[in-house]
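Look for chain A in each of the two complexes below; its partner is chain B in the first and chain C in the second.
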Partner chain A sequence: MIHFISKRLKHSLVLLFLASLVCFTLVVSAPGNVAVLIAELRGAVATPGYVEQVAEEIGLNKPLLMRYVDWLGDAVRGDFGISYRTGQDVSADLANRMLVTGILIAGSAAIATLISLALGFLGAFWPYKLPDRASRGLALLGASTPTFFVGALMIYAFSVTFQLLPSFGFAGPQSWILPWLTVAVLPAAVLSRVVRVGLEEAMASPFVLTAKSKGLGRTTILFREALPNITPLFINALGTQVGLMTATAIIVEPLFAWQGVGDYFLAGVRFRDFMVVQACLLIFLTFFIVVNLIVDLAVLLTDPRIRRQWS
Partner chain B sequence: MHDEPLLNVSNLTVNLLTAKSAVRPVDGVSYSVRQGECLAIVGESGSGKTVMNFAPLGLMPTGVTTILSGSVKLEGRELIGLPEAEIQKLRGKSVGFIFQDPMSALNPVRRIGRQIAEMAELHLTMTPRAAEARALELVKLVGISDPAARLRQYPHELSGGLRQRIVIAIALAGEPKLLIADEPTTALDVTVQAQILRLLKDVQRRLNMGMVLITHDMGVVAGAADNIVVMYAARAAECGPVDKVLVNPRHPYTKGLINAIPRKEDPIGSEFRGLPGVPPTLGAPIRGCAFAPRCELAVATCSRNRPPMVPTGDGNVSVACPVVNQGKAAA
Partner chain C sequence: MNMLNPILARLNKMPRAALITIGLFVALGTFAPWLAPQDPSTQNLLEAGLGPSAAHWLGTDHLGRDTFSRLIIAANTSLVSVGSVLGIAMTIGILLGTIAGYHRGWVDDVLMRVVDVGLSVPSLIISLAVIGIVGPGYWTMVLALALAWWPMSGRISRAVAVSIMSKPHIEALRVLGASPWRIYFCHLLPGTIGSVMVYATADAGTAALAVATLSFLGLGIQPPTPEWGQMLVDALPYLESDPRQVLLPGLALTAAVIGFNTLGESIALNRVPKPLTRRMLAARRAEVASWSKENSDA
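Here is the complex of A and B:
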C-alpha cells in the first residue's frame, strides 16, 4: 500500500513537470503580444519604442528557457507572479478562487453521483421497462445538451419563472444550487449509463446465479452482489468526469458570475495575461493528477483483486 | 424406505421462449430422488440435464420465458405453478446448488466468510456473529485447512478446488434436504476431481441428503450415484439403478456411451470409439425416437412413434426403445 502510494506519487511528480512544460510552451507560442496590450492599458500610445520598453520591463526579452526556469522556480514555491492586467499577486487571487471552484466541483460531483446511481439503479431494476427507457432518455438528453444552454435553462426555470433561486452570485448555499446542477447534468448523464450497463453486466455473471440459488432476492442481489462489483468501474468514470469539470467551470463560472479559477482563466486568456493563464493551467493539471491519484487509491480499496498486486 | 420421495418429477416438459426462438430442452422426463439417495443425470451437452433441474426452481436467465408442464414435487409440494416468491424461499433452504465453474461462481469482491454466512443469516435466521461461527464450522466440514484465515480471504486468493469446496459449504449452509450439483467436477483438475467427488458423497451420506448429480462423466456416475437417468435430446433414454444400467445397458444410446469410454486394453494411439452422427438440434420438433437416425437397431417404426419409457422388469430399469422392449417381450 505504502509502496503503491510512493510509486504513484513519483509518477505524478514527473507527470506534473511534463505538464508544466506543455503549459508554458502552449502559452508562449500563442499569438499576440501582451506588451502592446499593457502599453494600451496604461493609456499610452503603443509606439514600438514604448512596447519594447514594456517588454523589457516584464521580462519578455529574456531567453525562453530562462523565463521557464524563473516561472517554474517561483511556481513550486507557490508564487505565480504578478498579473499583467491588474498588477495583483496571482497566488493571492487564486487562493480565493480555488475555494469557489472547489465548492462548485465538490457539490456537482456529489449531485452527479447521487443522480447517476439513482437513474442507473432505476434502469437496472426494471430493465427495458418504462423506468429504464425514461432514464436512458434523460441520459441522452443530458449528455447532448451543451452546458451553457443547460445553465441558461436553469436560470430561466428556477430564477425567472419560479423565482426560487438566485440567478447569479456566490452568496451562500442557495446561490450554489443552480451552478451545481448545471455542472452536474453532463456527468450525471454519462455516469448513469456506466451504472446501468455495469449493473446489467454484473447481473448476468455466474456469481449472480449463485446468489439467486442462495435464495437472495433481486434487490439484495443488486445492492449486495452487483453494486460492489461496479464500484471500481464507477469510481474510475467519476474521476474522469470530475477532472473534466474544470473545463465546465470555465463556462459555468462566468455564466453565474462566480469568481472562480475558471472565470479567472477566461479573463486571463482574453488579455493574453500569461501569468494568470499559466497558473490556472497548472492548477487544473495538478487537480487532474490529484484526482487520478485519489481514484487509483479508491479503486485499490474497493477491488481486492487489484489490492493484492500491491500488497 | 419412505413412501414419499424427496423429489418427484413426473412427465416434466420445459419450453423456453426468447424473443426470436422457442425450444423444448426437456420433453416429458420423469425421475425421483429419495432422502439419502444420489441420482446421476447423464447426457451430452445440450441434452437438457441442467435446464431440467434449474428451471423448476426458477434459476433461468432473465429475458427467457420458461413454460413448465408436468409435475415437480419437492417434499410433496408441487413446484410448478408456485409463485417465484415462494420458490425463492426454497432455494438455499430446501435445495442447495453446486455449480460447474467455481472460478466464476463466487463474487470476486466479497469476502468468503460473508458469502457463506449470509446463507445462515437468511435461512437459519442467525445473527451475523452466529452466522460467522456457522461459516467457520462449514469450512471445516468441507475439509479446508486454516479455516479462520480462509473466511477473511477473497475468492481469487484460492485455488479451483478450494473454491469448489467453498461453493459446497455455501450450498450446505442452509441445511438443505436436496443438493443439486451441476457438473461439480468438470472444471477442476483431474487430481482434484476425485477429492471433490469424495467430499460431496461424504457430506451427502453424513447429512442424509438427496442429491442430483448432473454429469457426463461415467466414472463419476459409477463412483457416486445410486440411480441414473440417461438423457438424449431432451428426453430420457434409460433409467434405473447404476449397478444395473452401467453393467447391462439396454438402450442403444446408453450402450454407445459406455462403449465410448476408453479402456485399459485399448492400444496406445488407437482412435476413440464415438457414436456416429450428431445429436439433433432442439429447435425442430422430433417425431419418433430422437436417437433413431444414429441408431444401428432402428426399424421403420422408430421414426414414426415416440417410444414410451417401459419398465423392463429387471429391478426398476426402464428403457425408451421399442426394439429393446420388443425383444424382451419376444424372449
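Here is the complex of A and C:
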C-alpha cells in the first residue's frame, strides 16, 4: 500500500511538471511581441525605447530556460507575477477567488451526488418501469441542456417568476443555491446513469443471489450489498465530474456575477492578459491532478480488491 | 437502389425522433438563406420586443429583428462552424491516429499520452486557453475547438487502425511486396475514415454546444451574425420583460443537442458499426447476385 501511494505520488509530480511546461510554452508561443502588447495595455505609446524598457522589466531578454526556471520557482512559492492589464498581484487576486470557486464546486458536487444517487436508485429499484424511464429521460435532458441555458432558466423560474432567490451576487447561502443547482445539473445527469448501470451490474452478481437466497428484501440488498460495491466506481466518475466542473464554473460564475477563478480566467482570456491566463491554467491543471490523486487514494480505501492487490 | 438498402436498414434501427431532429437541423442549416422569411439583421426599433404576429411568427427581439428568421439563420451558422471544427479535428485525429496505429512503438506511446492528456482536460478550458493566447475571432474559435476535439477521433482511429493492421490481408500485402505507402493509403486510411465518421456525427452535438458556449461567453461568433448562444446572451438583460427571446434559442439548441446525443447513445449501444468497406462489399455482393437473377430471367 505504501508502495502504491509513493508510486502514485511520483506519477502526480511528473504530471505537475508537464502541466507547468504546457502553461509556460503556451504563453511563450503567443504570436506578436508581448512587450509591445503590455506597453499598449498600460496606456502608453509603444515607442521602441519604452518597449525595450518593458521587455527588460519582465525579463523577456533572458534565455528561455532561465525564464522557465524563474517562472516555475516563483509559481511554486505562490507568486504568479503581476497582471499585465491591471498591474495587480495575480496571487492576491487568486487567493480571494479560489474560496468562491471552491464553495461553488463543493456545493455542486454534494448536490449532484444526492440527486444522482436518488435517480439511480429509483431506476434500479423499478428497472425498465416508469421511474426508470423517467430518470433516464431526465438524465438525457440534463446532459443535453446547455449550462448557460440551465442558468437562465433557473434565474427566470426562481428569481423572476417566483422571486424566491437572488438572481446574482455572492452574499450568503441563499445566493449560493441557484449557481449550485446550475452547476450540479450536468454531473447529476451523468452520474445517475453511472449509478443505475453500476447497480444493475451489481444486482446480477453471485453475492446478490446469495443474499436473495438468504431471504433478504430488495431494499436491504440494494443498500447493504450493491451500494458498497459501486462506491469505487462512483468515486471515480465523481472525480471526473468534479474536474469538469471547473469548465462549468467558467460559464456559471459570470452569469451570476461571482468573482471566482473561472470569471478571472475568462477576463484574462478576453483581454489577453497572459499572466492571468497562465496562472489560472496552472491552477486548473493542478486541480485536475490533485483530484485524480485523491480519487485514486479513495478508491484504494473503499475497494478491498484493489487494496489486496497492492499489499 | 440496392446500394442504399444496408444504409436504410441501419437507419431503421436508430431512434426515429433523433433522426428527424437532426434532419431538420441539417436541412434548416443548409437551406437557411432561402428559408428565412425576413432579413435576420434588419432592425426596426419601432417594432422591438413584440409578441408573435402574422408578420413576425415568433416576435421580435430588443432591436426589432425577426426572431424566427434569426433562429433559422443561426442553424446555418452553427452547422457551418460545427462542420469546419469536426472536419479539421477529424483530419488531424485520423492522420495522427493511423500513423500511431501503423507504426506502433514509441510513436504510438507518445501520441497516445498526448491524447490522454487532451481528453482529461475539459475542452472548454483548452479552447479558451488557445483563444486567450491568439486573440478572439471566428477562425481562432474554429481552430481552438478543433484542437480540443482531435484527441477523441485520434483515439478511435488509432483503435480502428490497430485492428485493421492485425488482419491477415495486410500481412498478405506485405508478403506480396506492397509498399508501406500503398498499405497506408489504399488499405488503412479508407477503412479507418468510415468508422471514425460515424462517431464524429454522434460528437456533433457537443461540438454545437461548444460553439454556442463560446459565443455565449462573447469569444465565438460575434454579433450581428445570429447564433443561438449569442442570441441568448444578447437577450439576457431583457429576461424579465421578454423571456421568449431567451427561451427560444435555448430550446432550439437543446433540441439539436438531444437529437445528436440520442443518436450517439444508440451508436454506442450498437457497438462499433461494421467498417464502411465491409458494408460496401455486402452491398456489392447483393448487387452482383441480382444481376445473375436478371440474366436468368431473360
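Here is the rule we use: the second predicted complex is superposed on the first by the 274 of 311 C-alpha atoms of A that agree within 3 Å, B and C clash if a C-alpha of one lies under 4 Å from a C-alpha of the other, contacts with A are read in each partner's own complex, and residues count from 1 in each chain.
To be clear about the criterion, a contact is a pair of C-beta atoms (placed from the backbone, for glycine too) under 8 Å apart; a residue touches a chain by one contact, two chains touch by 3 or more.
This one's a predicted model, so the numbers in the text were calculated from it and none came from an experiment.
Three-chain overlay on chain A, with chain B and chain C fitting side by side and no clash. Of the two partner chains placed around the shared chain by superposition, neither chain B nor chain C is touched by A:Leu178.
When the shared chain is aligned, chain C comes close enough to touch A:Leu26, but chain B does not.
Judged by the touch definition given at the top, the superposed model places A:Gly217 against chain B, while chain C stays out of reach. When the two structures are aligned on the shared chain, A:Leu117 is found in touch with neither chain B nor chain C. Comparing chain B with chain C, the partner in contact with more residues of chain A is C. By the touch criterion defined above, A:Pro127 lies against chain B but remains apart from chain C after alignment on the C-alpha atoms of chain A. Angle at chain A between chain B and chain C, computed from CA centres in the superposed arrangement: 80 degrees, to the nearest 10. Once chain A of one complex is fitted onto chain A of the other, the partner contacts of A:Asp303 are limited to chain B, with no touch recorded for chain C.
Within the superposed three-chain model, A:Ala35 lies out of touch with both chain B and chain C [touch as defined at top]. The gap separating chain B from chain C in the superposed three-chain model is 18 Å, by closest C-alpha atoms.
Across the two superposed structures, the residue set of chain A contacted by chain B and also by chain C is empty. Here chain B touches chain A in the complex through residues 57-59, 61-62, 88-93, 96-97, 99, 101, 104-110, 118-119, 122-123, 154, 156-157, 167, 170-171, 174, going by the rule given at the top. By the touch criterion given at the top, residues 18, 26-27, 29-31, 140-141, 143-149, 152-153, 155-156, 160, 243-244, 246-247, 250-251, 254, 265-266, 268-270, 272, 274, 277, 281, 284-285, 288, 292 of chain A touch chain C in their complex. Those residues of chain A that touch chain B in the shared complex are 127, 203-207, 209-217, 224-225, 228-229, 231, 302-305, 308. Those residues of chain C that touch chain A in the complex are listed here as 117, 120-125, 128-129, 131-136, 205, 209, 212-213, 216-219, 229, 232-233, 236, 239-240, 243, 246-247, 250, 253-254, 257-258, 261-262, 265.
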